Amino acid sequence: MHVIVDLCVVPLGVGVSVSRYVAACQEILETAGLKTALHAYGTNIEGEYDDVFAAIRRCHEQIHEMGAPRITTTIKMGSRTDRQQKMEDKIRSVEEKRKG
Amino acid sequence: MHVIVDLCVVPLGVGVSVSRYVAACQEILETAGLKTALHAYGTNIEGEYDDVFAAIRRCHEQIHEMGAPRITTTIKMGSRTDRQQKMEDKIRSVEEKRKG
Amino acid sequence: MHVIVDLCVVPLGVGVSVSRYVAACQEILETAGLKTALHAYGTNIEGEYDDVFAAIRRCHEQIHEMGAPRITTTIKMGSRTDRQQKMEDKIRSVEEKRKG
Amino acid sequence: MHVIVDLCVVPLGVGVSVSRYVAACQEILETAGLKTALHAYGTNIEGEYDDVFAAIRRCHEQIHEMGAPRITTTIKMGSRTDRQQKMEDKIRSVEEKRKG
């Protein structure tokens, strides 16, 4: 199952700055060979369900190892069987409607 | 990794009524032996990460099989290494603060 | 516009225990006359859009006043024009499909 | 209260293609003078709380007027009192940690 995911991890108990932990996640996602795009409130990820959620698990293990005792995460996930859709297709589709 | 999850699946392309699909998910989650609690905007789930996300995958496969060509899902997930916490502990903890 | 909302506030920079802040939010939501139901990963709220989001604003102001320098919040919101639907209707609708 | 928001609107009962509705939202957010950045699973928005949530309300009214009988929306929102932070600061902060 091919999925497009939006991942936002929030470590708790480590102060207000969380960018160090997000950077470690980015590293893990890219090492896993997943397509990613960072935005101001999370990371878009594209790949096979099992690969994506194995990598998200490693992100959480890594953040705990870096010292965060608690993590709260928000994930959006889209899957479709009618056609293949890539992350850039979704953006292009909205932009075309605006020009139209 | 023990997690508490909040799952909200939204099938697209099948009209406005989605309860039939949510009911099928509940069935899958319970058959997987996961602890669940249905609320008005999703389902709380408690279990091991791999078990929870294997069941969530089956939910999506099932909803597609039932005829939904597209699904968009929102997931919240909490993990902690400082102590074990159950779903009912989280609710009790808030209620105690209110009485206090 | 009548809405059903799921609210999950996460104060950052105040350690791992957040129940005190969630309890303060519950107080504000109830004082605002909104219907609420607490679950293990947030609070369901039902009411008019303007009332709900005025109360959510007060929740954030209160949490900052209690000492949290940063808050990250996840909100789900449903609105519909085809028919009135209450929080308990959504749950009943799923439960009926399971018996059916 | 200055906020950074991530908005993802999902119209139900109008088939699988939702880009037309997302494009209409983009128009409303920009007309409201809000800073926005579209990504593959939503739109980042930056502005004052009252302005942002007035615009989000108009988005929902517009989507209903365009014919969607039901909408389910996911919103993430961040506020902080320790310092001003812009959308681009959040991205830069992660990127700097990766180089470091």
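Chains here go by letter, A, B, C and D, matching the order in which they are written, and residues are numbered from 1 within each.
Throughout what follows, contacts are C-beta pairs under 8 Å (C-beta built on N, C-alpha and C of every residue); 3 or more make two chains touch, one makes a residue touch a chain.
Fair warning: this is a prediction, and the values are worked out from it, not measured in the lab.
Asker: Select the interface copy of B-C from among C-D, A-D or B-D: the correct pair shares over half of its contact pairs, counted by residue number.
Answerer: Going through C-D, A-D or B-D one by one, only A-D repeats the B-C interface.
Asker: Looking at A-B and A-D, which one has the bigger number of contacting C-beta pairs?
Answerer: A-D
Asker: Report the chain whose mean Cα position is at the greatest distance from that of chain D.
Answerer: Relative to chain D, the chain whose C-alpha centre sits farthest away is B.
Asker: Approximately how many whole Å separate the CA-defined centres of chain A and chain B?
Answerer: 19
Asker: Nearest whole angstrom, what separates the Cα centre of chain A from the Cα centre of chain C?
Answerer: 25
Asker: Starting from the mean Cα coordinates of chain A and chain D, work out the distance between those two points in Å.
Answerer: The computed centroid separation for chain A versus chain D comes out at 17 Å.
Asker: At least two partner chains per residue is the criterion; list those residues in chain C.
Answerer: 13, 16, 69-70, 72, 74, 76, 78, 80, 82, in rising order.
Asker: So in the complex, which bits of chain A are touching chain B?
Answerer: Interface residues on the chain A side: 1, 13, 49-50, 53, 57, 60-61, 64, 69-82.
Asker: Can you name the residues of chain A that touch chain C in the complex?
Answerer: Per the touch definition, chain A meets chain C at residues 10, 12-13, 15-16, 18, 69-70, 72, 74.
Asker: Note which residues of chain D are touching chain A in the complex, please.
Answerer: Checking each residue of chain D against chain A gives 4-6, 8, 16-17, 19-20, 22-23, 26-27, 37-42, 44, 46, 74, 76, 78, 80, 82, 87-88, 90-91, 93-98.
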